[in-house]
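See structure below.
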């Protein structure tokens, strides 16, 4: 399914970096001081939000597509649950809700890939500029990506939910604690999704042809995450395996939190574990890429 | 070869009507080499597009090689060659030679005629070194020569060029100018050249037309052009005076 | 026109044949991506033996009968949905200078021979289903007919989408929800859908004639929605009925571009 990616932008201009430090550009370039001030990253989240807010047309088109596919998929799941009522502990409403929630996740979690400008910047060499900034490339990218996820949650995530509610009727939690659990899970899922996509993006630096990795990633983020069908209906051992893999943390686990299935704390913990692992691997990858690009000039 | 009679073209830009070309009339006979000048936004590109059939005129009559471009687009396409200076007519991802092959198939050029013509063009435009290079990797000068060859592979009667020497270095400009002169002299191809480069006009065109604000402001020989402002010595000053003159 | 199309396609294929490893990789990747839809069907049937009254092999048959014409069109026609890209880049002008119809040039543009991987996948699924179902041999003549009508219907759908891009230049993704949505819709037996939706795709946008109506005939089944028997054979007529407005819309789109120069 085609999904547009916005043009890359290099905010590596003096005015974009509010991090306090010595006045000269040369000093800033040579200093690997980590600028961990909260205002910087909060600003980046806002920047990411506003950058993607300029592509309203594309986001709305995406919302339309996601809604159409939501309707088509809902019928499939209804037919299945009519043949097997109560399958995997879901009732019919749960199944339909699952369908529209997973469609709503497509935008924020970029389940069909992309959302990061890193691969293009690696190919053009601009990534070297990013790596000498006095802030971590990974955290910088994460902050921007969270801004993007927030924007797409509103513009591309809510419409399919409304369509599902209007045409089929979906389950909506009423308990505030329930909402808190879900929203926490959603945020962690967005971080985990970023973590995975960041690793895939970095791999461009070492691979001649990144299309193989892109397709592999697609298989994981759409099929193994529980987006196409709930992981619970996979055959026995395969379901157990899929549920414990990182991609489940992006879709299936937060969906279960929304539906109120499964233990809340264990689910959040598993999600957080995978988000941390992916970010950790990403940090190692960042170090490796810095070594390759900045020090070796690769 | 080229006939415009009261041709006009309007655009609707946010509720206002813009006259890009207004009551334009001129005739270009076979074998002529005509320069087409005008300030930016004067209507040069619009005229070119109408001649090729990309744009249909809103009023008046346009005939190229006796054909109406808006009605007989595909028939006309076989008799006309076009070079857009600011973008390429070649296929970006393919090697130059593959682009030429595609053109051969599109224009249904006979194989032996194509090969002899390709050899000739490769020689005169010096394409041999980069025939197998993808177009996106070519320098501007190389790409322009490739575009020229592409426009001439099917031996058109008319060649229309929209700012072909833009951005080129002195040497490249000279070689392209020489090529165009020879083409017009030896093959009798009618050439319509749009340009901002007055050096092109001086060296190539016997006849010059100047368009401004959609109207034809001047149509005559190079000598006539210089005579409009006898106190000015350089062609730049003469043309500037004409531009600012028509603006008043 | 057909000859020109295949000559263009051949030139693009030759260009990518210069990189055989990359070509083979892309074939495999196409196969894998397409196989995900089959994986979903298999997972569904790991949990039930019938879906809306159809068995697994019947659903695989319907899937194959939809995927095959779709992947054929995806390979040979789908490039037409890049019209808005061409308009924005100015390359549509380059297309219009040539003495060949814009439709032929645009559908052949950047032809991707490696999409054959997807066609192969669809063939395999269809072949398996036909073998596994033990169909009435006298009815199998309908299968090539339905693939052919499917190709015409999807081509018409893509052409309509391309024509719409002349006016909706900034939202080409909306159109893909109809073309790719068309595949999603036809992958499963229509008995899962609501009556209104099925009527819509039978009488308004005749996607039902890609695989559902003729498929019912091949499978020897009655229509759960109770449509009369003769509808099963109207595939070619439906394809024709859709092609006419598609061709007109395309011509109108080109005319619109040439008269507004947008």
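Per-chain numbering from 1; labels A, B and C assigned in written order.
FYI, a residue touches a chain if its C-beta (ideal position, glycine included) is under 8 Å from a C-beta of that chain, and two chains touch if they have at least 3 such contacts.
From a predicted model like this one, the values you see are computed outputs, not experimental measurements.
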* Asked: Which chains make contact with chain B and with chain C at once?
  -> none
* Asked: Of the chains present, which has its C-alpha mean closest to the combined C-alpha mean?
  -> C
* Asked: Which one of the chains is farthest from chain A, going by Cα centres?
  -> B
* Centroid distance [mean C-alpha coordinates] between chain C and chain B, Å -> 41
* Structure fact -> Note: chain C sits from chain A at a C-alpha centroid distance in Å of 31
* To do: Report, in whole Å, the distance between the mean C-alpha point of chain A and the mean C-alpha point of chain B.
  => 50
* On chain B, where are the residues touching two or more other chains? -> none
* Structure fact -> Residue positions on chain C within touch of chain B in the complex are 4, 7-8, 11-12, 14-15, 89-91, 93-94, 96-101, 105, 110, 258-261
* Residue ranges of chain B touching chain C (in the complex, touch as defined) -> 11-12, 46, 49, 52-56, 70, 73-75, 77-78, 80, 82, 84, 87-89, 93-95, 98, 101-102, 105-108
* Asked: Can you name the residues of chain C that touch chain A in the complex?
  -> 22, 25-26, 29, 32-33, 36, 39-40, 43-44, 46-48, 50-52, 170-174, 176-177, 180-181, 184-185, 188, 191-194, 197
* To do: Name, in rising order, each residue of chain A that touches chain C in their complex.
  => 1-4, 57-58, 60-62, 64-65, 68-69, 72-73, 75-76, 78-80, 82-84, 87, 209, 211-212, 215, 218-219, 222-223, 228-229, 233-235
